[in-house]
Amino acid sequence: MSTALESKVRIQREDFSVTDEIEFMKKSSRNIGGITTFLGTGRETNKGENISELNFEHYPQMAEKKLGEIREKAIKDFGLIDMSIIHRIGHIEIGDNIVLIIACGEHRQETFKACEWAIAELKRTTPIWKRETTSKGEVWVQATP
Amino acid sequence: MSTALESKVRIQREDFSVTDEIEFMKKSSRNIGGITTFLGTGRETNKGENISELNFEHYPQMAEKKLGEIREKAIKDFGLIDMSIIHRIGHIEIGDNIVLIIACGEHRQETFKACEWAIAELKRTTPIWKRETTSKGEVWVQATP
Amino acid sequence: MVTVKYFANLKQMAGKEEDQFDINEGTTLEQLSDLIKQSVPQLGDMVREKKVMISLNYDVVPLDTVVKDGDEIALLPPFSGGI
Amino acid sequence: MVTVKYFANLKQMAGKEEDQFDINEGTTLEQLSDLIKQSVPQLGDMVREKKVMISLNYDVVPLDTVVKDGDEIALLPPFSGGI
């Protein structure tokens, strides 16, 4: 687990700065014209249930490996200049940042497509689990297969 | 022309902070789960031509009006929680921020759609013009109808 | 009297930012283009030939739109904002 | 010997983070589930009934995959990362 800006796929407890992450990505090329960013944040309600806090747990090594695979496939399949993916774990308050995906391209079209694909792929393939704290206690989200 | 974070559609000379703009938008609601951001930046080459700098000019009042219309239509048509649109004018260096669109929703799907629609609509309806400085001099982009 | 503003390369062609014209009641933008032509011949033609868009009080409108005293008109070359 | 890790609610069910099992050559994940069942009955059944995904050295694999000494296996409940 690295929290330095050196790695373009990271899982970390600490918050991140969207501006810093974008500026870091801009260094990849002087031909970036479009940058689409997806930021997931802690929502107060889910399916009518009021949430007071969230906790994320991941499978170390496998989660980073999957994020790396998503990044490489996105760059290749969508013709991006670069992509970064950062996911936080541990305790998350309502309104806090959870996940950030930055897709950089020469033109905007491919960055929208790649960013949207990457967050869906992350949810599908990356071993990260969310626990919601509600008035009824703590529940693992989608814990029942 | 306002540069304070008070307005959610702005045309300004100064740079903006993506982080600050996102944090400002988060105050709209505690039910934001997805934030899609499009950031347009100055690209070094366009159609094979090397660009040393860009200059943007706008039609004051009309440009702000059109951005306001885009924001309102995006919120309504895509069911967003909120949207902001900021476009810089004046001198822009390669790599600099040009335009920022932030789409906030409960879920991610509508924020991708709305953000992609909004940047296309901005290009179609908002009276802003780009002048590129190349080795051949200054050229207004798409200046010939 | 109406104001006609010129932007981007049209401002360079006109060599000025705007013109002001006295108009008769019921004047359309198409008729106004004759007055623009007297001021900047090239631009009057571009309006008639629909090579530029024309806005009236901050909305793009068709050439048969009638203008009235105090209106703000602008000749708009194709937009190139965004990226 | 292989390591089997439990995550999220499966870790709570197991009451532990991982198990280690000695295996014979040619053991498949399906056969390994019998050993898991001896350690945590509920989890062994969930593997057989495909109610959890199973990973081998950081990739999700089918149950007929053969494991070897030193492998890292994990039982993975449905993911809920992202938002």
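A few remarks follow.
Think of it as A, B, C and D in the order they're written, each chain with its own count starting at 1.
Here, a residue touches a chain if its C-beta (ideal position, glycine included) is under 8 Å from a C-beta of that chain, and two chains touch if they have at least 3 such contacts.
For clarity, every value in this text was computed on a predicted model and none was experimentally measured.
Taking the mean of the C-alpha atoms as each chain's centre, chain C and chain D sit 73 Å apart.
For the pair chain B and chain D, the distance between mean C-alpha positions equals 49 Å.
If each chain is reduced to the centroid of its CA atoms, chain B and chain C end up 26 Å from each other. Each of residues 83 in chain C touches at least two other chains. Chain contacts: chain B has residues 33-34, 40-41, 43, 108, 119 touching two or more partner chains.
If you draw each protein chain as a dot and join the dots that touch, the picture is not a line, a loop, a star, or fully joined; it has some other shape. Going by the touch rule set out above, the chain pairs that meet are A-B, A-C, A-D, B-C, B-D. Touching chain B in their complex are the following residues of chain C: 5, 7-9, 46, 51-52, 55, 58-60, 74, 76-83. The touching residues of chain D, when paired with chain B in their complex, are 83. On the side of chain B, the complex with chain A involves touching residues 17-20, 22, 26, 30-45, 94-95, 106, 108, 111-112, 115-116, 119. Per the touch definition, chain B reaches chain D in the complex via residues 33-34, 108. Contact residues of chain A toward chain D in the complex are 40-43, 56-59, 61-63, 65-66, 87, 98-99, 119, 122-131, 140-143, 145.
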